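These notes open a run of structures that come right after.
In the two complexes that follow, subunit A is the common piece, with subunit B as its partner first and subunit C second.
Then we have the complex of A and B:
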């Protein structure tokens, strides 16, 4: 960003400050074999940059292989790897109406609040609007590609696959959870548990996760005969228990060999212990409103202190029971007891059962501090979890979570931008400003270092620029641009002025958008360009049409003048039709070029002349004569056309059958001719391009006509 | 991150995109001008649709004419000739590029830029003797007739004439903002042996006296005489 002058009202020029941060440097691949001699840079639509790279021309004239140059288009900020371009376009198109709806509601609320006494315009309705907005956008983020869902409830399948999750959806749900839902921090931990259940798989690429261990075990499960002998069975169950995936744990417990009918009699105690643990798990108290159907655990709306203590008491009782000594199978005994330790909130057990810090974090909420509220304590707990299980590499979702927990709006925005791109930031700002006055002030404040716009506006403009860079999405950029009061309109004008006009559909679309936002000068300019384009490419009718729409008198005048050039010349039928058509289109607007009225009349005259093919059709000839006389009498007929007119009508004047003009008419014409001869002596007279004997032939014809007419009378 | 959109023929030395970024004009060392288009408006792959000889020598610069005046390109040759070529359909002939006009003077043209004002199309050409000429198009539908409107040197003091200047390159950029009540202006800089000519100055048209006046000099006192290679005017988005 260039340095801004302090006194921008007067528009002083300020040199670029040398302390601006170093520009980012990106290598560019061009594929040329020869060394480069020149570069040419040009900005294209939106934020795409086009670079022409020229190879050094060979000095010795030898044929070198390779091309003379390459042109590359650079778009920074490449898309999300998890989301296809088509899906991204669907998201972009689908987000437009929720965004526009929210803006109009916002405007309505603010204009109302000016009249009411409320200090804050946010009320119950407002939260509903925000939730509606958030849910509408969330629905767009559903990934269409879902892995196949197994229809049969295979008893040996521990994980069912639904849709493939994307980080974008995970991120949006996080933001919705923390910002769009009415302050309900008491249930946040539980929401996080559900969130992790849906999205733990996203971390599997870069971090070890419970989900990946489950998936691996699932593959082995098919081949296992005796599950309870495999140590992984117990490990995986402990891990799943630690993150609260109770259904999976219970299902896996029921795979235990002691349930098999043929084993039941021998391993009664063992089975009893397994079942006891399963029952305890399914009765775990959870602080949430309700469960989805089929999920395990007991739900409590308020702090379930009593139920929690009771449950823990039951676990302790089982832990210290004598039945363990009677359990013959060692792995079962140890495995179940470690699961009990997890349920009792043993820190070491939890740490060893989880793989990354988020899982450890979640497990703390479930077993160690199930009643935690308040974001500060959540944040410090998160930091502790990270210390215990440091991140191997950064993951965009992890960065986002830390930013949200830290209640730092700027960090959240930065993480969104870095990890998820301009779309995310432009739309998430609405959520961030929903309930927090501080965030609203921060994001709506006009900043000098940004040129006087707010952060919110900046991100909307950035997003609009991204949209403008692609031919399939530029049409939705206007909606975002007009929501920015300061720079939006000008950018919109630039966007529309740079649209090509060759394609009719695109042209009409551009004009429609211009009209919608009342950009009259841009509209007429686009039409002017279209008109000139058509005119010069042989489509004269379309050209005139568009120039008329643009009300471009200047060019229409010129066209009319060009049409005048055809007066008095013999032109082919094709050209005549075109000429006639153009006159028709131009209308008889008397402002242009001394009156197109003359041209119209001349056209009619010419038409009637053409109808006379042989020397016989007297009626049409008479008509032609009438037109001629009226033309010559008419004061709007420019003098320079008199001779051409008369020359054109030589046929009429030399009519074989009978003289078509009577005495007075012939006298009129002779007088005009005389006037013309006088005028030719003046210095500023323009000679029309006729053969030199034209004047004489006309004079002769008129003279003959006069003689014959007198004889007739 | 980057995607190749076009491949230029051997000998290509300069290129310019038109106003909407849909056509590319490329000039080459053997005097040919190529026009590249994309077949499909949605695709971004450009191939040559026209190629014709514009000069005997090397084409050093190409510049598109604003679309309000047609589809046309101005080419500057190494010998300093400026020619304007336009894409036309005449009568029943097919679409082709025709020469509209050509300027040849004793001093070489170094750079040319076009601007659309309220009333007409203006062309600014910088010459190798340090002079700059402003031309105006008379007929909006024909690119043939240009009238010389002004001729001056790139110096603040208009009285003295710097003689015998020898300039290698020049660069011009018009102010893209042509709002109501604002006169058109452009910035001009030279790369020459005469320091007074070099520094970039902003020239604005004064309608009262029908002259071009320098309104600003964009150089710190230290590097006033430095050669200028390139200038560009940033679009104003509302500040």
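Then we have the complex of A and C:
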């Protein structure tokens, strides 16, 4: 996260501006009565801080209600004021698939261009892909709470309220028009006009704007009887005309009193002039790609020099017409003529009709340098506009515009990060590098001061880091991490390894992500952690399952020792049902069961023993003997079970009808018994909980059996 | 794929929510046009879990259905399992939590969906750790709860007593953990757990499961966890289960210890039969697309099954047929879960 790495200015990955905003104060409500002796602060989820407050122990040693301590979470920052956290998450989730699609197409294009050397990778469909990406992202930024559109067209409503604009969408559209629509730069000025029409209101918060003046006037309009007497009417119309909102201007002109039927006869000339201006405005030649329905102006796809000259000629003619002397209404005369001055590109008129440099800038495109093509000299014009309309504080969008016009990729990136955060940078880089070799070199070059990664990778990592720190978004971080060639995989492994294992669903999600990216070693690590966690919390079955899945023989053998302790105590006939499930889970495959394989055979042995008790005699007894022998032969059978096993088998050894064990079997058991007697002398021997005479009775039974077996053979 | 087969073309609506959805269930409709759903939310921003009754408006002015919250109940902990009993117009909800408590809620759909907590079991020792699954007996007054702690509890509730009494049917002391449960009859139910094991229980028989379907049957291949069980009322001999690695299988209690694998693990020979490699969170018999001809299907065949999985696949599986599959490429499984249920209302 930017800011976290700011401990040393030199090693900082993301440069932080030294002029930090005023310190924010977050009150802590811990409710402790005693004085606080210690504070501990750590990061919690997302951008929350976890503050642990410890109270000083009361001096007399008594325990009161407010003693002890409290843990409180403090949420830092309010995020983006325009966009709620839920909307941010929707944007984050929504941008995953356009991003992933573009990456895979990029890879495809590059691998293709390797084969055919002479074709540039950016041919053909490339711009379509970029544009599709940009449009997909743009669609996500639409504000959720859109205002309702009135069904009836109110003649007195000069501005219609559409969806609430956001700076984020405005910024993305700027990037889109300058970088993704590069082949269509001829229409750029008109695109900017449209852009301002959509987003001028965003500047109203900090600066006066044409939009805010219009809104103010709209409020007054309801109470105005004679609009043309109000100087604001003319002021606002000139301003709207200056930034090219022709529809609004024409609509407002038609509110002029001379249109009213009762006055039409007295003010015929006046009305003629108003209408002439309205017609001229609606005939303004504009260079646009397509004509939007209802939008005024004559559209031309190529530079309409002739049409423009003709239109200007008509304005000049009207301006010098004699009718003005016949217009009795002074405000109308002056207002209309100042509008004509705007259309004629009078620098002073434009300057006084606009309220900030962007509006002035746009008006220059419309009337001073009409039909400008391309980016040339756009930057110097912007500088000039800023000089004419300097501003104390710059809106975040303005910084971005200057960066774009200055064709300075680094400034654009910095403004994106500062104004709109890591999401913006990570996704905007795709547009910045789309068609510019220079930007591509700049952003893809591996840098020593960034630890050998490129700026592009850096910003993706930063964004992934932000995603990872929120519990609702961590699962989309892998998609950004794997697009990072150098450090992505390592960080992905760390992210997955750090996910908590307590919650099964989370655990399964981590394992699923590992499967997708073939991170088998991480999978088995996670499973081991989960296995040990469950085991420690008494969920032995779950623990064994995960360790089995991880094929962790080492830990299975370790926990086997612990399990056997409880087996010795609890495998009685009543509790056998509890063990049954676990033993089934273990299966018979010794590889995945580790030292627990013993349990499986032990179960079989116990089962046959029980059947003898049920009265199904000899066959079961034979089976039991086989199980016993195989258990005693198996090296995985722990020594401490030998005696209990043999003691359990007393009935088999003393089988009435005939000896069940032959000589060699009996000898094997006798040897084991001998070994056991020797082992008892060792200090680490664990005595089983059997009656003290157990060893002797087993020895006696074995001896008797040996004698009977010898006789029988 | 085979969309043309179904009479109603499949339409999927996405209703994005800003909170986690831990569980979602339909409530039985009051009238054919009025649809309600119970949704267990978790708000990660404020750390608050809740259950909401929402009115699902399938055909508003806009093109997609909307959810209108009717009432809400704040849960003490995140919901780990949510089940409903279909009694109208006051359906019962059983909600189990990660902190090991169980809550019986009643909602009155006619009076604005008001939800009231009828009773709660939260005492120490009910479950140790989270309750992993519950099931409400249809129309009954009993609820069975299981956990990874190996406890199987039977909770009985009668009307207005706010304190529930529960009976421990079995305690495996953590040696076996249970992750799914489903009633089969008023006295019998089935549980599922690790290693794709299934246990069959009869509450009249104490001391453990009556019958076990051996766990770990896909020896050697990746094993997994049963997440969901369904039992068809007309075919109680068969337990349908879904779980890890896209596995959907059935266990016919009359047959030997051999699973009938519909998808996933243990089906190496047929590449077609792998529907998903992801966790199958829910399995249900498809009671909606072919309501009429169940009797025509031989009793050894498995009825059509509807599943939804972690990787956002909603599918209908028929034994021996191609899948009717719909893939959302959706990362958030909770959304897929909602859609499982939303889709049903259209069928």
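The working rule: the second predicted complex is superposed on the first by the 501 of 713 C-alpha atoms of A that agree within 3 Å, B and C clash if a C-alpha of one lies under 4 Å from a C-alpha of the other, contacts with A are read in each partner's own complex, and residues count from 1 in each chain.
One rule holds for everything that comes next: a contact is a pair of C-beta atoms (placed from the backbone, for glycine too) under 8 Å apart; a residue touches a chain by one contact, two chains touch by 3 or more.
Being a predicted model, the structure only gives us computed values, none of them experimental.
In the superposed model, A:471 lies in contact with both subunit B and subunit C. Legend: residue contacts after superposition of the two complexes on their common chain; A:582 is shown touching subunit C, with no touch to subunit B. In the overlay built on the shared chain, the residue A:93 is in contact with subunit C alone; subunit B does not reach it. Judged by the touch definition given at the top, the superposed model places A:634 against neither subunit B nor subunit C.
Judged by the touch definition given at the top, the superposed model places A:38 against subunit B, while subunit C stays out of reach.
In the superposed pair of complexes, A:537 makes contact with subunit B and with subunit C alike. Contacts of A:509 after superposition on the shared chain: subunit C is touched, whereas subunit B is not. Of the two partners subunit B and subunit C, more subunit A residues are in touch with B.
Look at A:525: by the touch rule set out above, it reaches subunit B but stays clear of subunit C.
In the superposed model, A:549 makes contact with subunit C only, not with subunit B.
Residues 45, 471-472, 503, 537-538 of subunit A are contacted both by subunit B in one complex and by subunit C in the other.
Against subunit A, the residues of subunit B that register as touching in their complex are 1-17, 19-22, 24, 26, 28-29, 41-42, 44, 46, 67-71, 86-90, 95, 119, 139-141, 216, 218, 220, 234-239. Residues 45, 84-86, 89-90, 93, 96-97, 470-472, 475-476, 503-504, 508-509, 512, 515, 534, 537-542, 545, 548-549, 574, 577-582, 584-589 of subunit A are the ones touching subunit C in the complex. If you check the complex, the residues on subunit C that touch subunit A are 16, 18, 20, 44-45, 98, 128-129, 132, 148-150, 170-177, 179, 193-195, 197, 199, 207-209, 212, 214-216, 219-220, 222-223, 225, 244, 277-279, 310-311, 329, 331-332.
Interface residues of subunit A facing subunit B in the complex, by the touch rule stated above, are 2, 4, 8, 13, 15, 26, 28-31, 37-38, 40, 42, 44-45, 50-52, 54-55, 57, 64, 66-76, 78, 451-452, 471-472, 486-487, 489-491, 494, 497-503, 506, 525, 528-529, 532-533, 535-538, 554-555, 558-559, 562.
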